[in-house]
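Please go over the structures that come below.
Next, two complexes with subunit A in common: one pairs it with subunit B, the other with subunit C.
Let's look at the complex of A and B:
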């Protein structure tokens, strides 16, 4: 017995098997089935396929000709930029500011993190009331300020902005908390040395905080870009069916729309495959761009 | 001590497993030990000698006006027969339909279900998973004998009748009288035409109100149906055109909606609003007309209650602002020719039928739920298929329900909705594509043609 007990890896493998089986049953098998479904003719959710499509890859051909797929891809890419700039960018600014105050750090941490704990659907309903055309909070405020006529915040032209604003607002706190933890890990001695050398606050941020936050910012950026691909509930709650004029579809909402609304399940499956492929490619690209540095 | 605790835990676990094993295999409530002698339902059908548990799913749940009626009826039936019901009813929506379809696919369908009799039922009828009324009558001749068979819908799959109806539906035009008064417009009557409607809409618009409460980007369904119906007749409406060359009524219907949109009769935000928002405009006296289904009577009444859950909080004066009337007619369709009928009914599944313990109970349950006494309770102001419908006690109903009954008494025909057979992605171009059609981004004829092609490709 003795020390050999530590060399025996069998128990570890046995304990890994349940999680592995869980992943097989609930992730990899459904994914492979989804690929299979994308070649089948399935006209109702819950029903099995009625044979292969003719030709079997026709859904993928249709995707290239589907104008709304391109709209949803464009919107998803815009969403990624918004998450990068609006979420990570704002979170960096907030984290740096909060890190530089002596009192109320915990208060601001809680305040900025709070939106994360609210469900996206609830937030969608909340922002629906804020942006409501008739009697909405925003239009009422504008009316009080003297604006004549109501603004349709969900109308063509500004719908995308209205949709992305709450998504951006919701996740700022998430990246803020990660970044402020990163800032806390920077040694105070560095700031002290800089102060003795006569560095200004801006110089301390420019030459100490941001360089040493590089890896944390990279992690946040990867999370933000890949997370943007999964944004679904809030946009769907606020803009069901890509309203107005299918201009607010994201890849996720468009996939859901075809699967659940139009019952074109096989096309929805093909869109799901597109999302996975897009996710893998983008994750690779983002990892390459935001490469972490060794210090 | 550790050994004692371990032995105790092991003993507890064995006891728990043994207890689980004594449950019936279907996971239902254990009914042994509550044996009763044979019972007879109100219809006189002999129920099973041994109490059974029926798995039942319906749409009488949530905000459905008959949810409480159903609960009461189930309780009364259970008390009367000694049987029990595992009720998995849910609000009628796409999730419910999907759940039912999936249950049939996986062999976990209920014993009895109250479900749609249109294209939604095709999959399980094709799979022979429900029993036709004729097959049941071969063994139970009195089954649904109180119903007028001509009013029971035929299956789209094989033309047989499967679902015993209870309450029907109608689609008509709700009117906000306060808005009409302000605009100097009379409440439309039985001879209302589209030309008169457009004149009234212009007056209402000039008075600063929105004439039509509708969210074309969200729920264009009612306008879609009636716009097409206005170029059809009650005889030929429920037929999907074979191709674009036969679809003049469909194209003209879409163009009618486009015209109303261009005239500015829909809300300013009709393309981006939800149905709830436009309904709120109607209830708040900002819009005059609302075409919707019989289920909206409950919605309007709820909106007139300070507590939607408490009927005693109803503001009768506010409710008096609303009435319901006929939809403006055109051509061969009179205003009094409405969309409506009996689109749902009780099915008995093959699984329950072939279970000797459940067959009689399932038949008895459906017979009870579709009896002459219960159908009027559920049907209220809508249609029913009863041969001898009893007189309705109007004191039980609110003002809007009574006006709905008056309106129904003048109906010249009830025609099914063609959209109930035109389902799936074939609808996309004209339903979800309605904003593109009315804004001229998509040609109405092209949209109709594409939808028809998809429909026929699926047949």
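Let's look at the complex of A and C:
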């Protein structure tokens, strides 16, 4: 009887066509076109290719010899480590602590999640003011603590740190909420049994919470690594054009730089292909490291 | 026993409060400095803007020089259209994928899942040339320019929304649909009168996610919104950094004007917002 409603499959086609047409036109076709574009000679954004480059793979050769590509790859990998260790790590510690308190759980959840709602562009402006050389919030604090001389937070050497700190800070709450949801799914009976057996809080965390969170932590790690590839708004607002001296480029911002600033559109397409390949490879690597387990 | 617990929990509360402080204080700091003149911000940014320190000059300048209201209108319009279209398109597709069994339905579902992986970097250039040949990029028409941003943003949210919605629809009991069918409803009536109302919580989740994502997205808007009157909030802020980067009072005021409405909405809708933003992750 249940099957008879959905025996006539014709309505399904009508339900499916709009969304799938949209995805083909706006995702699948551009995705393939972009790979094609990376072998073509494109004069400006918006125009189509004017024949193959000579040789057709020359963008990829250029990429290999482009020092800034290597810098941006290095920066992106550092960003991934920062998101993995910083965001997921801090989130685990915060989630375990909040799980063990009785009052104010809701308050902390609200407050920790709040930076994610704000646009990264606005946060970029905010952090520009905080890291201002002469003199933003941080340099004023350091001065009050008795430090002589101002720190140039956007100068060489330290710029990368200044860029990654806000990105890390913003998304800790995201992983915190996912982990707290995971912790809430752990049955109270387990903790109760452990308490009767005389386990300390630390032992409960070590032998119940963390093992049972394994799959959630795995999900978070994949999200953190693939998320690091998508970071764009905050770095571009705080360090436009990879300043100082192109040392803060990430793969995403470098792709934008070539597409919009140097008008080297086909090279931008090739960089986008690099981002896709990188994303697939890294997601596989993380999945292999944190294999999902069944308990 | 009680004493021992409280020492530990005081420490826990202490560490938790430190992180809470880092998320709240920067916002308070920028709000209080938006009421001070530039040199006062640089001299001492921690004092409250009372007495001589207090000025509304930054806000007068912000409303005078920047088209903040126009930017809000553009942002809200784009984001609302994006979430409406996403709900409409994704809802129908999710229903068909959740209820109909046909050859190729698994293939279609895996098409959706792999579409989630496409980074926007990899599609933006061809989308831009496609829309240029359609004649909707960089025109003087407000409607067409808005459309040129809305369409790629809808595409970016569709796959995720279909996955979340069809997961929810699969969990709905079939009995109601059967009853409607017995009453003589066809598939479309069943969808709009039975399925859609039942899926409301999940629609809310998806709508909020799409709205916020679109509202905060800078990358797509950098490509399509070139003219000053078409700028959205994020685009305006980005422009402000490059043009008025040293006018710190104005920057603080602009950040405040952008952040405060979002904070107010967040306080009222936090339950749905938190759920919406993390739904994709929790469902896998």
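Note that the second predicted complex is superposed on the first by the 283 of 295 C-alpha atoms of A that agree within 3 Å, B and C clash if a C-alpha of one lies under 4 Å from a C-alpha of the other, contacts with A are read in each partner's own complex, and residues count from 1 in each chain.
The criterion applied here is as follows: a contact is a pair of C-beta atoms (placed from the backbone, for glycine too) under 8 Å apart; a residue touches a chain by one contact, two chains touch by 3 or more.
Keep in mind it's a predicted model, so treat the numbers as computed, not measured.
S.K.: Touch check for A:81: first (subunit B), second (subunit C), both, or neither?
M.R.: neither
S.K.: A:48 in the overlay: touching subunit B, subunit C, both, or neither? Say first, second, both or neither.
M.R.: Touch status of A:48: both partners.
S.K.: Which of the two partners, first being subunit B and second being subunit C, lies in contact with A:285: first, second, both, or neither?
M.R.: Touch partners of A:285: none, neither subunit B nor subunit C.
S.K.: Would you check which partner chain A:134 touches, where first means subunit B only, second means subunit C only, and both and neither mean what they say?
M.R.: So A:134 meets both subunit B and subunit C here.
S.K.: Is A:261 contacted by the first partner subunit B, the second partner subunit C, both or neither?
M.R.: first
S.K.: Answer with first, second, both or neither: which of subunit B and subunit C does A:152 touch in the superposed model?
M.R.: In the superposed model, A:152 contacts subunit B only, not subunit C.
S.K.: Considering only the touch criterion stated at the top, classify A:252 as touching first (subunit B), second (subunit C), both, or neither.
M.R.: second
S.K.: Answer with first, second, both or neither: which of subunit B and subunit C does A:115 touch in the superposed model?
M.R.: second
S.K.: Going by the contact rule stated at the top, is it subunit B or subunit C that touches a larger number of residues on subunit A?
M.R.: The partner making contact with more of subunit A's residues is C.
S.K.: Just subunit B (first), just subunit C (second), both, or neither: which does A:240 touch?
M.R.: So A:240 meets both subunit B and subunit C here.
S.K.: Take the contacts of subunit A with subunit B and those with subunit C, and give the residues found in both.
M.R.: 45-48, 132, 134, 240, 260
S.K.: Please give the residue numbers of subunit A that touch subunit B in the complex, ascending.
M.R.: 43-48, 132-134, 150, 152, 154-156, 159, 240-241, 243-246, 258, 260-264, 267
S.K.: Within their complex, state which residues of subunit C touch subunit A.
M.R.: Answer in residue numbers: 8-9, 12-13, 15-16, 19-20, 22-24, 26-27, 29-30, 33, 41-42, 44-46, 88-90, 92-93, 95-97, 99-102, 108, 111-112, 115, 117-130, 132, 137, 151-152, 154-155, 158-159, 162, 174, 177-178, 181, 186-188, 190-191, 212, 215-219, 222-223, 233-234, 237-238, 240-242, 245, 248, 251-252, 254-255, 258-259, 262-263, 266-267, 270, 273-274, 277-278, 281-282, 284.
S.K.: Considering only the defined contacts, which subunit B positions touch subunit A in the complex?
M.R.: 94, 98-99, 101-102, 105, 123, 217-218, 268-269, 271-274, 277, 280-281, 284, 286, 423-425, 427-428, 432, 435-436, 439, 441, 458
S.K.: State the interface residues of subunit A toward subunit C in the complex, per the touch definition above.
M.R.: 1-2, 4-6, 8-9, 11-12, 14-16, 18-20, 22-23, 25-31, 33-34, 37, 45-48, 90, 93-94, 97-98, 100-101, 104, 107-122, 124-130, 132, 134-137, 140, 169, 172-174, 177-178, 181, 201, 219-220, 223, 229-230, 232-233, 236-237, 240, 252, 255-256, 259-260, 265, 268-269, 271-273, 275-276, 279-280, 283
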